[in-house]
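Next come the structures, one after another.
One chain, subunit A, appears in both complexes that follow, with subunit B as partner in the first and subunit C in the second.
Right after this comes the complex of A and B.
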C-alpha cells in the first residue's frame, strides 16, 4: 500500500521534469529522426520521404569525411595537449611555495570564462593587424612580418587548438590536483625513503592515483572536443577554405546556412551516433579501470 | 660505536617549538621506543631522523656521520609507517623489492632478497597479491618486509601497530620482538602505547611537550619514574598519586587519618613539612590482614571490576582515590572499608610543585 503511494508520489514529483525533457529533448530527437528521412527545407516546405538518400549522400560526399578528419585531429591534439598541460600544472600547484593559493585561483580563470569571451579574446590576440601574438613574435625576432593566424589554412586549426587548450586545461589541472592531493603523504614519504626520484615518484606513486580521475577528464574532454562548435564559430566560422570546419559546423551550415533541414538532420544523427559510440567505449574503459583498481 | 646519535635537536614551526633540545645516543642493536601522547613531538623527531623533515637546530648522526641535509635514501635507514604506506598498484613482491629496484640492484639478487625476507615474515604465499587483497596484519608484514630487505643501519617505525585490532597487535608485537632478537637490528620506534614500549624496548624515551621526560630501560621507567608524568603515563591502571605532607618520619595523607611510615631512603630528601605527592602502583597494593605491620591505607571500596586475570578495585581514601589490582578471587564488599598495604620499596615520592622524583636528584 505504502509502497504504491511512494511510487506514485515519486512519479508525480518527476512529472514536471519528465515533461520538460520530453518537450526539449525527446520530441526534437524524434523530429530530427523523421526529418532525416525527408528532403525538408528549413522554411517553406515540409518535405517528402526520401528514404536513406540523405545519409548516403552525406557519407559518400567528401565534406563529411574532411570534417570528420578535422574534428578528430582537433579532438586528439587539443585533448592530448590539455592532459599534458593540466597534469604539469597540477604537479606544480601541488608543491609548497608562496602564492600557491592565489595561483590556484588564477588558474581557474580561463575555464570560468564563457567560451564566446575566450574566443573573442583569442581573435584579438591573433588579429593580423594589431594582435599581441604578432607583436610579441616580431619583437622577439621570431617572426619577420605579421601573419594572419586565423586567415591561413595552415595555421587556423593550430590557432584554434591553442585557444581551446588555454580554456580547458585548467579543468584537467583541477581534476589532477584533486587526485594528487589524495596521494597519502606516507606513501610519498615511503617512496622517498625507498630512493625513488621525481620521475619514479610520479610514475609509481602519483600515477596510480591520477589514472582514474584523468580517465574521467579524458572522456569528458574528448566528447566535448568532438562536439566543438562555439569557439570555432566565433573565431573562424569553419574557414579559411573550410580548414576548420568540424562536424558540428558542417551540421550547422547544412541545416541553417544552406537551409537543408533534412540532410542537416541526417548529419546530426551521424554525429550523435559517433559521440554515443565514443561514450560507450569510454564507459567500458572506465568500468575496466574501476575493476582493475 | 653509536649507530644513531641525536644532538640537541630543535624544531620550530613559526612561533611553536615542537622539539626543545633532544639528545639521544643509540648503540648498534638497541631498540629505542619514543613514547608519549599525541603532539609530544615523537613523530617529528622520527621524521627528522628519516630526513622527511629538517630540524631547526642540532645534528643527527647515523654511523657517526652527520646526515643533516642528506636525502632520506642516502641515510641508510628504512621506515615502517602507521598506514603501512604500501604502493597500491604493485604486488607484494614488488612492494618489498621496490627500494632495491630504485637502487638498481640486479633483478636476480633482488628476487633472492625478496624471497628471503618473505620467508622470514612467513608471507611467501602472498608475493603475487596486491595490497588491497591483504588483511591489516598481512599488510603490516609486507611493510616490515620492505624495511628489512634493504638491511639498513637504522630501522624507523612510526606507530606501526596502531591500525591493528588488539589481538593482531599483540601477535605483531611478539613478531617484532622475535625479529629484533634474531636480526639484532637498531630500531627507533614511535608509539603512544606504553605496553608496546615496555615489551619491545631495550630503552624508552618518554617524551612530553617537545622534551625527553625520562630516558631509561623499561625497568627503570617502570620502577623508578623520574617525574609524575612518567609515573602516570607508564602502567595500566596508572600509578596512584596521593597528596601528602612529610612529618619527620612519616607521610600524612591529605583528607584522611592514615600516616604512612617514611622509608629510610627518603629521610635525607624529605624534611618535615614538605608537600609531596605519594606514588604507589595499583599492582603493588594488596589487602592487609588485621595484624599486618607497616604501611596501611584504609579506604572504602567504591567499584570492583573483574578483568579476568585481576580484580581492579577503586576505593575512596578520604577525599582522594586509589586503585588496586588484586587477585581475581579476592572477597570484597563495595561500600565497606578495607585496609590495603604494600612493600615500602613500592613507594615513590615526588615534589608537589615540580613533579620530579625526590630521588632523581
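Right after this comes the complex of A and C.
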C-alpha cells in the first residue's frame, strides 16, 4: 500500500473527531476572540466593534489583578501541599504493614467523590452554627466560640485549600506509589548494603524514579488549580468580600451574572493566555527533565 | 527488605492509622449526617453518633411524588445518566477510529496533540459562544445540548487513552492478517477491536465519571428539571435555604455512590490508567 493512501485513510478516520472538535472547540474559541473586541451582551444586542477597550479596562481595573493574586495563591499553596502530602503518603504505603491493601483502596475514595459533593461536604463541615469542625475544636478545648470559617475573609481561602487538598492529595499519592514500586528491589538492597541512610536512599534511589511521574502530576494539577471554579462556587461563590474570587469566578460573573459577553470574553482570553503560558513553560521543563534523565 | 526496628514499625502503624482517619473521617461524617435525626445535627454539643437511625431523607429523595424535592432529585439523577451516557457514547464513537489512525500512522499524530492541547483550555474560554450557539439552536436547557458540550472534555480525553491502548497492540498482528488476505474492516472488527475492548471499557468508564462530575457547563446551560444534572441540584441544595443538613448530605451520598463503587471495583484499571495516560483533575 502506498504512503499517500495510508495517510489519506488516517485523515478520513480522524474526520469525525476533527469535525466535532472544530464545532465545539475551534469555532467557540475563534468566536471568543471576536467577541472580546465588541461590547456584545449575552442576550439581545450583537454588539459593535470597540477595539481593545475591553482589554484595557480589564487590565487597568483592580478586579483582575486581585483575582490573579488569589488564583496564584490558591494554585501554589494547594498544589504544593498536595505534592508533599502525596509523596509522604506514598512513602508510607510503600512500607510493609497490616491493612496496607485496604488503606490503598481507601485512597481512591476522595478522588472518586464528585467535586461538587466534596465541596458540599466541606461546606457542611465548616458550617458556622452546626458544623462538625467547630464542634470538634470546641469539644477538644481548642476553640472558645464557634467561627464562621467560610464567612471570614481571613480564613475562607485556607478553608477552601484544605478541602481541595483532601480530595486531590490521594491521587498524587497513588501516582507516586506506582513510581516507587517501579524501583528495582536489588537497587534498594544494594544501597542498604552500602550503608545509605533513609534520607540518602530517598534522594538517590527513589527520587530518580519519582521525578518524572511527579512532574507530570505537578503540571496537570497546577493547570487544573489555575482554572478552579466548581469547589469555590459551591463553597463561597467567590466571597466573603471577594476574598476567594478566582479568575474563573470573575469571568463567570462578568459574562453571565452581568451578561457582558464582550468584556467577559476578553477576560476569558487573558486567562487562556496565562494557562497557555503555564503549559508552555511546563512543557519546556518536562523536556529538559527528560533530556537530563 | 529492610529489618525494621520496633520503633520504626510503631511509627509506620501510627502514620497509617492517621492517614486512614484523615481519609475516612469526612466520608463517614457525610454518611452519619445522612442518617441522623435533624435534631441531632443541630444539637449543641453536637451528637457524633445518631440517637436512632433516620432513613427518612433517603425515602424523601427517592420518592417521585410530583413537585417534591424527591421528584426534582430523581429527575436530575436521570438527566445526569442521560447526559453522561450520551456524551460517553458519542466520544467513544468519534475517538476509536481517530485513535487507531493516529496509533498506526505516526505522520498524522501532530493533529492528535493539537486535540489534546485543547484539554488544557479553561472552560471559560468557550463558555460564552457555546451559550450563544446553544441558544441559537434551541439547545439551552436540553440534555442533548449539554451532552454535545461535554464532548469538548470527553473527546480529547478518550482519544488520548485509546491511542495509548492501540499502541500496546502490536501492529504485526494486523500486518500478518493482511498478508493472509483479510480486509481492513475484517481486521478491525475481528482482531483489533476485540483486543482493545478492555481499554475501550476503561476509557468509557473514565469518560462517564468525568461527565458525571461536571458542574461548570451544567450550571450555565441548564435551568430546570428538563436538563438540570445532579451536580447542579446538589449545589442548589447546598447554597439554598434548606434547613435540614441531613438532606443535603443524603443527596451527596447518593450522587457519590456510583463513582465511588466504580472506583473501588475498578481500582486496578483506574490506577494504571491514571499513571499511564491521563490524569483527571
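Please note the rule applied: the second predicted complex is superposed on the first by the 291 of 293 C-alpha atoms of A that agree within 3 Å, B and C clash if a C-alpha of one lies under 4 Å from a C-alpha of the other, contacts with A are read in each partner's own complex, and residues count from 1 in each chain.
Keep in mind that, in the parts below, a contact is a pair of C-beta atoms (placed from the backbone, for glycine too) under 8 Å apart; a residue touches a chain by one contact, two chains touch by 3 or more.
Please read these numbers as outputs of a predicted model, since none were measured by experiment.
Enquirer: Just subunit B (first), just subunit C (second), both, or neither: which does A:192 touch?
Expert: both
Enquirer: More residues of subunit A are touched by which chain, subunit B or subunit C?
Expert: Answer, by number of touched residues of subunit A: C.
Enquirer: First (subunit B), second (subunit C), both or neither: which does A:122 touch?
Expert: It touches subunit C, and subunit B stays clear.
Enquirer: Regarding the shared-chain residue A:54, is it in contact with subunit B (first), subunit C (second), both, or neither?
Expert: A:54 sits against neither subunit B nor subunit C.
Enquirer: Considering only touches as defined above, state whether A:222 meets subunit B (first), subunit C (second), both or neither.
Expert: neither
Enquirer: Which holds for A:253: it touches subunit B only (first), subunit C only (second), both, or neither?
Expert: Once the two structures are laid over each other on A, A:253 reaches no partner at all.
Enquirer: Of the two partner chains, subunit B (first) and subunit C (second), which one does A:107 touch, if any: first, second, both, or neither?
Expert: The second partner, subunit C, only.
Enquirer: Is A:95 contacted by the first partner subunit B, the second partner subunit C, both or neither?
Expert: second
Enquirer: After superposition on the shared chain, which partner residues are touched by A:233: those of subunit B (first), subunit C (second), both, or neither?
Expert: A:233 sits against subunit C, while subunit B stays out of touch.
Enquirer: Regarding the shared-chain residue A:205, is it in contact with subunit B (first), subunit C (second), both, or neither?
Expert: first
Enquirer: Taking the two structures together, which residues of subunit A meet both subunit B and subunit C?
Expert: On subunit A, the residues that contact subunit B in one structure and subunit C in the other are 189, 192.
Enquirer: Provide the residue numbers of subunit C that touch subunit A in the complex, in ascending order.
Expert: 1-2, 4, 9, 12-13, 15-16, 19-20, 22-24, 26-27, 29-30, 33, 41-42, 44-46, 48, 90, 93-95, 97-98, 100-102, 104-105, 107-108, 111, 115, 117-118, 120-133, 135, 148-149, 151-152, 155-156, 159, 209, 212-213, 215-216, 219-220, 230-231, 234-235, 237-239, 245, 248-249, 251-252, 255-256, 259-260, 262-264, 267, 270-272, 274-275, 279-281
Enquirer: Provide the residue numbers of subunit A that touch subunit C in the complex, in ascending order.
Expert: So the residues of subunit A touching subunit C come out as 6-7, 9-11, 13-14, 16-18, 20-21, 24-25, 27-29, 31-32, 35, 42-43, 89, 92, 95-100, 103, 105-117, 119-125, 127, 129-130, 132, 135, 138-139, 166, 168, 170-171, 174-175, 178-179, 185, 188-189, 192, 213, 216-217, 220-221, 223-224, 226-227, 229-230, 233-234, 237, 247-248, 251-252, 255-256, 261, 264-265, 267-269, 271-272, 275-276, 279.
Enquirer: Which residues, counting only subunit A, touch subunit B once they are in their complex?
Expert: Contact set of subunit A toward subunit B: 184, 186-187, 189-197, 200, 204-205, 207-208.
Enquirer: Any idea which subunit B residues touch subunit A in the complex?
Expert: Per the stated touch rule, the residues are 47, 50-52, 71-73, 77-79, 81-90, 98-99, 102-103, 146.
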